[in-house]
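You will see subunit A twice below: alongside subunit B first, and alongside subunit C after that.
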Partner chain A sequence: MARANRPVSRRQAWWLLAGALAAFLPLTQQIPLWLALAAGAAFAWRAALTWRQWHLPPKWLLVLLVIAGTVGVFLQYRSIIGRTPGIALLVVFLALKLLELRAARDAIVTALLCYFLVLGQFLFTQTIPTALLSSLTVLITTATMLAASDDRPPPLMQLRRAGLMLAQAMPFMLLLFLLFPRVQGPLWGLPQDRYTAVSGISETMSPGSIAQLSQSDAIAFRVQFKGQVPPQSQLYWRGPVMPSFDGRTWSVRQTLAAYTEIPYAVSGPSVDYELTLEPNGKFWVFSLEMPGNLPADSALTADYQPITRQIVRNRLRYTQRAWPETLAGLNESRAVLRDALALPAGGNPRVRALADDWRRRHGDDGAAILATAQEFFNRQLLIYTLNPPLLGPDMIDEFLFDTKRGFCEHFAAAFVYALRAAGVPARVVAGYQGGEVNPVDGYLVVRQYDAHAWTEAWIAGRGWVRIDPTAISAPSRINSNLAAAVPAGEELPFLARTDMSWVRELRYRLDAVTNGWNQWVLGYNPQKQRDFLAGLGLGEPDWRSMTAALAVLCGLVLLSLTGWVLRNRMRVDPAVLAWRKFTRHLEAHGVAWHNWEGPQAFAERAAAQVPAHAQVIHDIAALYARLRYAPRPSPQDLLTLRQRIGEFRL
Partner chain B sequence: MRLPELDAVLADINRIILGKERPIRLALACLLARGHLLIEDLPGVGKTTLAHVLARVLGLDFQRIQFTSDMLPADILGVSIFDRGSGAFHFHPGPIFTQLVLADEINRATPKAQSALLEAMEERQVTAEGKTRPLPDPFFVIATQNPAHQIGTFPLPESQLDRFLMKIELGYPDPVAERELLAGADRQKMVAGLAARITPQRLVELQTAVREIHASPALIDYVQALAAYTRTSPRWQAGLSPRACLALLAVARAWAAIDGRNHVLPEDVQAVLSGVIAHRLHPVDEVARSDPEGLAAALIEAVPLP
Partner chain C sequence: MLATLRHRLVENFVRWAVRVRTPEPSPIILTQRRVYVLPTLAGLSYGTALIVILLGAMNYNLSLGHALVFLLAGLGVVAILHTFRNLALLEISPGRCDPVFAGSTAQFALVMENHRPDPRTCLRVFVDADNPVEIDVGAQASTVALLPVSATQRGWLQVPRITIETSWPLGLVRAWSYVVPELTCLVYPAPAAKAPPLPWSSDTARGVSRDGRGADDFSGMRDHQAADSPRHIAWKSVARQYDGPLLTKLFSGATAQQVWLEWDALPEAMDVELRLSILTRWMLDADAAGHAWGLRIPGTRLAPDNGAGQLAAGLRALALFSHGSR
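Coming up: the complex of A and B.
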């Protein structure tokens, strides 16, 4: 173990510092500030130690620091187990390990810690920039490993060597990625971790809650249609359905799954699509209305809201068929209809009076009341805006008669309230409306600012009918997009604006790349793997044949790499081949060439034995010597050599 | 790359030292490769004459140092003597401050005196009384050692031998050459009548040019193959060191230059091999040690050209 006890040179110390910094810097966002600062101080200390060639800190101090760091992490997270505390602890260890670089063994341990921290980055994010950044870190860390065994080459050469090694590892990486039997579920998910909040549609809706989302351009999901993309006005992505109202807030039903099969008969034309859902931290899955089938592990609530069994913590992909013209809920249960009529006692007297009036005029004719309500909304000249004024306790009244300015949740809430007051069962449906087709890859991208709320009313003989009260007042919201619907000058997220075409173009391209990454790299699950292998004509391989294929292919890659190296080493100079032909010819006529003999020496000897051909022999030997030993041999010389040897006859 | 002045130099030397074309050419190659030469031979075969002639035709200053067992480093390097007039010490340079030094019977001196010379050879400078003085450029040492009478001598250790780029032997002349020598004019007069063929500056230029002679990858492969063979073959006690390989390549370059080529051929390597390995490779078979040419030939024939 003499090698392991070699002291760490200054150059190696610099390398380790560089590797540690590369591994540490991307994690600074994830760890608490005090730890980032403390680790930074340790790195600076290390730099000073190396620069000034000071003595390493004493062991008792390091032990104290390790204890302090561990206690600090525990106090911060109340645990030292789990993703973030674990990474924080590793950062503590890395920073302090740098302060006890005594022997080569410590250098190796530090480099391995760096690799581990690279892995740690992926526990937080798995985007393309993360992957690129960690590739760079892996490169630096690998160069550090190389430097730990031999610190003489200059930094650029170490990086080059590390790069070459990583490039050689690339085919194995690809093979393992493509062929290693996949398990269901994402590679990087850590289910025991609490899900950190993601903005998105929540289980309740109160004034302002959806308007808030309109400021976010985060992607909610992406859709790939099989065939034509339906018109914008039909793209209602059904999410949480909210039948209960407490006077201010609408909320979803507490009882969850009611139907594991589609409870209504589908009819009319259908639309097929594949949806890739971004994590939303809820049970929500979104479907184009009305879904004809359910994603795996999901069900419908009593309000036909699709939900999953488990919280969507990871990107989810499913294929669905939507039937936009389906009449759903023709035989709706009494309980659901009762819920869809419930209103808190008192409040909003003006709407109630108006609804009583409708009821007097039309009695139980739901369809007629619906038409009247739509006409009323139209007549009120309501304004669709992102910045509605604050509302008091009778918010429906205030919105409809006083302020007349609201966002979709105001419209939906007021419409449902009015219908219920008039005795027509109605409910709020939240979800997303529209989306934007990325011309680069053809995916429809739905972002948080596409969040929307609309309503459903139950009409006897027609079931649940979708009415979008926002569309009555601001049809452009539904027919085009948010930017077209809100008054000019209101603040919109950067990406929702339509006036900068080059930004949009750029965004389309970036998004297409990100989507490809999500679909093919992060979303490479057993299904994708099977599809891919089937595409290669491998049928439906099981894990055994896949492992066998993996072993065989890895062997082949190894062989070809070895062959490539050997070929480079053993490649025979064509001039030598020609020369051997020449010497064989002479040998057949009694002038044997010794394999240690230089061309000129041989020419002298051969010319003496066959004086008739002395000149030719000398010429050929001179040509050959020039090709083999002169600077910058010319290809013309090789051709001449071959020609003269070809013509040479004794 | 034709160097006609080298042909003239060789012709002049060969006119005086008869029948020794090959050793003379090796000596010149050694000089062109900026190395020092060790000649091991009996007295009276022309070692001193060779050094003299070389100095003459190359236009170099010449000094001869006869090594004896009571010699001190100062006898070689020089001493500081107090000058009463100026009241200060003045350095009086020793015989080593010359472009061509003949160190005669180097193995007669004590290791202390030997190492003074060898260190100066290696570093091309002399440090005395805290002051470093560079030796002239070009600087070339021809050392001789007498193989026969080893009693009372201090043989150079192998590490010191390595400071010499080459070791050659002159040997007896063949009868024809000897007869010509006996019948010919007085050698000393002939030497005195020689004119310089080139200037020391030109010699330095030539040394620089020799270093630029091309050694192709195939040729470097050959040198490596030779070294590898000596390292694995049981015929030698130890193989050629990397420094020996560098020496081999350097002398082969000079040999190619004398031949008027801008690139090295395997023939060049083979031609100079005996001089480079004679004092570096020690055969297990003690008897074979006395025949470096035969050893070199055996090595050449054992290693095919790559």
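Coming up: the complex of A and C.
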């Protein structure tokens, strides 16, 4: 096409530069510094080219630069496929494409590259600010495409037109977003770099590992309860269960899924909720103790820890019913109980002596030993702190008898160790405790600083019994929150502080908006789509009914837009319409009207040919002439004209 | 092979598209039924890019990626509507077309009338796609597009099929329509490059008018032309200025000098077109010289006269001369 070969004008070059910058700037933090600088230099070069109207760089130089950029990206990432290298390459191409804007065709390619970069940005962040920023980029890029077609209008006009067109595209976007049958990704093997390190509870627990999390106010999950939110002290969100201990570190069982069905009989009152889990990069799904059902594609380990089949890389949403008073593990297997008694040989002599003493006093009576242990913990006056002192090889002894200062992992570890030494099966449970209800939208928000560790002991006839040794020494941690439990002056994450009410207020609102965004925009996955459409009364929506609804609704939007498109048809004067009817009638009887003929002249001629109707013909012609040529035609005349013509019969 | 197939398909489509009786009565309104829309190459790449973005968004479960691709898809649909709207319901009426000589370019004027309250932008009008005329039509205004078509043969030249297309605003789709308005151009025979001198007959060449009036009421001077009689060159004024142009004295009176341009003044064996082209040359020369001239060709006789009207009538007669009328 001749048009695609037309050279790029100066204005178009400026537009393309603006579009490229709008797409490039948000990505500067995600690409290596050298590339950001090089791309910036290319943009500056482009600006100079346009400003000074220099010649474009020769082709061989551009080819060299493309090769250099690709090699650079490869050296940086040791790969040119995948998320970050891919985006880095796109930046290289975009920057160099700007240097070879020869024809209008190149302008389209540049605009498409910009759209790709917008997508690239979403790989890193999908927050509301990102969405707003990308909307701006799309607006500028669209205006750039407009300018590639017609570069005469001033910039504001182009932006306005682009805005208008995007606004008209909105209904389609909304319909497609809601109704386009969603597919759960990934479609093919997901590059491993999709998720970088996410903070959260890990497979192991050693002194300091949970205290470290208490410095993070990142959200672990959000919960919407159906009905009353249970009291804070009952909100134990069960996560990794750690029966193995090597003297310093607790860890989860290596063999994972054991039960796909709930292995225990649930009893007592139940709690219903919907949990939206943030990606944690592990297999963990959390549930209130004890879960009565499992999320899709998940199972329980032998230690009743819920896990998923696939690493939680996307925000995950599931509904659950929990039964807090369930007696779990009444008939526990020997293997599990054996693991729950295992201790490394030697070490911690003082605890072992103490446990031996308990065993001598109570024999096999687990419940009595448990009570004694709790009493012992209470008597030791242990201090709950975020900054416990470092511990040596006999860390349990040191914590219980010397330093007496620790965070929840110290409490849990010491408690389980003591029980095991006394012959009572016990294990560490990690997870989250508590959470904070956002008064704006009613969601309970659980953050990383709510991470906690507690213990379970197995008592014959009662199964696994939860004991939270932290609660013995620092009940306020359980009953209210972290800020209430740690001594004043210890450093807490900003959001965990309770002293700035207006900040909290603001945060609640922001968080409610973010949550709505997460739930409805980012979390609009196949499941949510089905639920939403079923809620609208679409029955059991499948891809067929969705496509049908989509087609119908898009068709309606298209139709109304088409109405707008053809809105400005010429409006024909109703008098002319009536007159045409009249002349057609006469023509059928042999008196043809010529369109250059005035009404009076025609009337003369027609009256001469049909003298019987001369008067009527003259009247109609006079009326018509008045309607067409009088300065202010009266609507009454039009009615009369129509009536007369309607009645006119030869 | 592929090119010929494509060519045939296009021709078939065009024949179907222009299925009305041609030339069409004016005004021609580009109703929605005769405006066709197809994606351009840029549009196809846009679509491909959207599919790639959609796959990426699906693979990485990017909700905003979905939103982006759906917005861009909507933009594509809106672009179709805008492009279509840019062309639909345009009114085209034939304008004037000045006669030209064969061998030169006829300029067909098409009046594009826009009844809408907003402008139509970047319309391309062409007969052959390599030389499009780009026009805008303002809101509720009209614009004249001048379409150059080379005139090769004398006679009436009907304007060929005209394509009107636009890919405004995004260049993703092309809307086009064909029109064949009733617009003709009169093509005069090409004036012969070499022609014998004007055929002065014995009585007229002497400057004696038939009605006896004198031919030397001097009325002014103008630049000398080859066909002017050497006797009318203003030698005195030429002599007054060094290296000045030759000037011809003009004499008042329509019948100052009279010449008959006759078919039979040329050899019988001469080719018809050549004769016409020589007659054309004579006519132009005689007119330029300000002579009164008459035309006698088979089927037509023009009384001697001069002026623009006479010239137009004479050239028209030559242009439309046909053998049958002999």
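Just so we're on the same page, the second predicted complex is superposed on the first by the 550 of 650 C-alpha atoms of A that agree within 3 Å, B and C clash if a C-alpha of one lies under 4 Å from a C-alpha of the other, contacts with A are read in each partner's own complex, and residues count from 1 in each chain.
Methods note: a residue touches a chain if its C-beta (ideal position, glycine included) is under 8 Å from a C-beta of that chain, and two chains touch if they have at least 3 such contacts.
Given the structure is predicted, the values throughout are model-derived calculations rather than measurements.
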Q | subunit A residues touched - subunit C or subunit B, whichever exceeds | A | C
Q: Determine, under the contact definition given at the top, whether A:40 touches first (subunit B), second (subunit C), both, or neither.
A: neither
Q.
For A:247, using the defined touch cut-off, is the partner it touches subunit B, subunit C, both, or neither? Pick first, second, both or neither.
A. neither
Q: Once the structures are superposed on A, label A:562 by its partner contacts, choosing first (subunit B), second (subunit C), both or neither.
A: second
Q: Give one of first, second, both or neither to describe whether A:600 is in contact with subunit B, with subunit C, with both, or with none.
A: first
Q) Looking at the overlay, does A:423 come into contact with subunit B only (first), subunit C only (second), both, or neither? A) neither
Q.
Looking at A:149, would you say it contacts subunit B, subunit C, both, or neither? Reply first, second, both or neither.
A. second
**Q.** Touched partner set for A:165, first subunit B, second subunit C, both or neither
**A.** second
Q. Subunit A residues touched by both subunit B and subunit C?
A. none
Q: In the complex, go through subunit A and note every residue touching subunit B.
A: 573, 594-601, 625-626, 628-631
Q: Name, in rising order, each residue of subunit B that touches subunit A in their complex.
A: 214-216, 218-219, 262-267, 270, 300-305
**Q.** subunit C residues within the subunit A interface of the complex
**A.** 32, 40-42, 45-46, 49, 52-53, 55-75, 77-79, 81-82, 84-85, 88-89, 91, 115-118, 121-122, 124, 129-130, 132, 167-171
Q. Which subunit A residues qualify as touching subunit C in the complex?
A. 1-4, 83, 104-105, 108-109, 112, 115-116, 118-119, 122-123, 126, 130-131, 134, 138, 142, 145-146, 148-150, 161, 165-166, 168-173, 176-177, 180, 182-188, 190, 194, 314, 521-525, 558, 561-562, 565-566, 568-570
